[in-house]
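Look at the two complexes coming up: subunit A is in both, with subunit B in one and subunit C in the other.
Showing the complex of A and B:
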């Protein structure tokens, strides 16, 4: 592999300042995501997955800081970017989808307004043009009745619908990397499956890299090219999905896999 | 929204009617509000002058209608200024926190320490008492309430997930504040602003009554009342009708505020 990876994180350390006490949430994480690859970042709650994901476009809460390491994205050093460069990149180059779609959408605007706004944010298009694009995007995420959904407020739609709408919004500007932070955890299994299928299909047709965060090893195994296992802030295991599942190197990976085998989910 | 909300219905009816009346004032009463008629001094209510006339023979109904124009526009514009300043300062304080917050909110606290009326009196003493000055002064001394409300709302709203999502989509601070935080925080401010309009109208009335507000011959409810004071013994109507106008207007705005409070929760 001579090609440079799209995202390369080296020795990332994120510390929280809890009123004088310092807490290391991510401790020397190191991994990369190649172009068009699906990488899954897996691990139990509190292992630092989400914080790592937020650090990628410097979206950490104000009391957290990246204390060392480097994040390179598409040849740029993210830690050296100015605030304007960052806002220009967020949503356009790196987009996110989150766990609870309803609470990540603004309650006082319609889905259509929010998608159109994202388009206008990064592209020079007229509002009506943005509106048409929003309708196309909703069709792309297979929402059956785009016009109705465009005019709906988030609270009028189901969780699955909202997540589809949010995916449409995140993909509005054709990002190179989509970071999905447990996007299906709050949905029921049938919807979860639909959303996963949709993501995989969109990835194929639009060609972005996917960094998928989950605590669910069954999903990890199903969708990923590569898995990265985090435990207590450290990356303890990573590699091609099959290899990691067949011969896990770290005892925590083995524990996780065994736990899943016991309840018969793998 | 209007169902089972009698407060809002009554309030909107009163204020709606009042606005229609002020809008069509020249068609409703063809007389000039400053028209002096020496033959008609202090006439009690009659069919020609339903509210009677004052000591210069001017038609009181006409003066009250034109006074409503002044009072309502002062109420709305002063509150508009107060809400605009309040939203700006309150959202900056709430969003940026720390030093910005401390500076802005301590300023607000200092201003709240002064009784508003005396603060305004002190300022008016230095300025021309023109209608625009009165609007500006009332507006610039009433922004603290809206600012505190907005700040409080934004403090909790900015921690909500959709704000994080907006950041992740590449929205700038200004965009997050204006497009996402302020619209979500407007509810309580709307109630406050409606009450503020009636407070501003009362302030104007008070100032005019003391002779520091709208200057005669321009009619305002406050300065009609000063004239009423000297003729109270012989002409009750000059006191009663402007007083009723003020009462009904304030009631109307307070009803709207009460109704909005029920809707917003």
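Showing the complex of A and C:
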């Protein structure tokens, strides 16, 4: 019996309106993410990965629109949700982490405020209770001095610390799906490794599905159960990680893999 | 922080010295002398009397000596007496302060009350009909000269509609009013001046607020706020507005000297006895002590305003601190 996937994207098309000119950023993307699976959405810059990721929670910029297709999440049609249903789902069922944690955190609020805000929003607990939960979450993401970090502003912490805090904030309400958009690209290689290890460990202990977006095939191969390769707005290749890397179907996938093999990174 | 403030306060001293030197010499190098006015008013003033007056004011001494004498008074906070009526300069200024300060303060409050919500709304609805009409009105009021607007409003509100008095500070029968009646009368007289004063300022601040808010809404943390599941109102008014308001704090600090500045044109049109007209008359009669007192007050207020702006910025923006490293 085949289980229904957690996220199912069918024929997704996203177009941008650039002062009268229409530009198709995502062109008929089709893929799914199963429960507890790690799927990697890979491709070069501008291939439509981030726009696809944002479309999942309808977080597209105002000049972009989903022109056709469907997004089903946990049995619900996201494109038919009301604004209240959407905000109720964002952060609670589907959470995000982004590329540069420092600029994606609000500079004028403390880390503690920003984590507690999410908790109060979705769990309707008292602020003090949310604060205690935030401290526990920071311990969970291996932040050595949670009380200090709670009271800190983003600019007072390192990139790695901010990303850990961001992960804590995103996982605060135990989402079913975590969408990670190049979460390690702006970090040092050693920190990148730590963050990846942390994510995989948390995934194992908390049991969420991970949609990881990267341009880095080495990371894709290392962490994923399945890879989805995007090229010029289209999904050109997808399947179990081993299969795709052993016998890529699309010439672009082959080119990418060869490029990585040439520099000895795979 | 306190060492920073002390350092900044000490920095005011050389700056103030420079400002007073320049303005002291410029105003004395300008054509015309204080005694010339008395002469022209009275043709029988003899050259001897003129010389005696110059001697009395110390104007016969070399310029640098005059400056040093003035400086010696200033460090004792003695701004001297007016050449015109021999009253202490500070007394003359002090009696004009309530009106100018009250008028400018009311205008400033009005400006912020109108401009902040209008600019924010404009930014949220960027490129809508609302935004375009606010932009149009802002530019219109920004470009329109105050004196022209003042005359238009007087014509419409005071003469045609008769809602407000045309000018002045009190009615002719002011003395016979009760305390409440007096207050009401003053407010009615000040309504148009405050309104006109606010119009020029509101336009600029609305544009400024709009661009701040648009800038804040473009920041990545706004995407985060939405991804968290916050309702749009919290995204806009908590996450974006908080950041968009930061630069406005600077504007508040910088408008401190303007509160006591007064405007010549404005006060003349509405026949208000404010600081602007006092300063104007002082310049026209070459009343040196009064001019220099005004210059010193404005310079000190400007520098204090800058300092207050910097300090308050550090209070509201956690990224800025003046701690010694």
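The definition used in the following text is that the second predicted complex is superposed on the first by the 265 of 266 C-alpha atoms of A that agree within 3 Å, B and C clash if a C-alpha of one lies under 4 Å from a C-alpha of the other, contacts with A are read in each partner's own complex, and residues count from 1 in each chain.
Following the convention adopted for this analysis, a contact is a pair of C-beta atoms (placed from the backbone, for glycine too) under 8 Å apart; a residue touches a chain by one contact, two chains touch by 3 or more.
None of the values given here were measured: they were computed from a predicted structure.
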Joint occupancy of subunit A by subunit B and subunit C, clash or fit: clash
Partner chain in contact with A:95 - subunit B first, subunit C second, else both or neither: both
First, second, both or neither for A:57, with subunit B first and subunit C second: both
Which superposed partner A:118 touches (first subunit B, second subunit C, both, neither): both
Contacts of A:104 with subunit B and subunit C, given as first, second, both or neither: both
Which superposed partner A:138 touches (first subunit B, second subunit C, both, neither): neither
Which of subunit B and subunit C A:153 touches, first, second, both or neither: second
Clash-bearing segment of subunit C, relative to subunit B, as chosen among 4-12, 40-48, 58-66 or 76-84: 4-12
On subunit A, the residue positions that both subunit B and subunit C contact, one per complex: 57, 59, 87-92, 95-96, 98, 100, 103-109, 117-118, 121-122, 169
Of subunit A, residues touching subunit B in the complex: 57, 59, 87-92, 95-96, 98, 100, 103-109, 117-118, 121-122, 166, 169-170
Contacting residues of subunit B [partner subunit A, same complex]: 160-162, 164-172, 175, 179-180, 183-184
Residue ranges of subunit C in contact with subunit A within the complex: 219-221, 223-232, 239, 242-243, 246, 316-319
Complex interface listing, subunit A residues touching subunit C: 54, 57, 59, 83, 87-92, 95-96, 98, 100, 103-110, 117-118, 121-122, 153, 155, 169
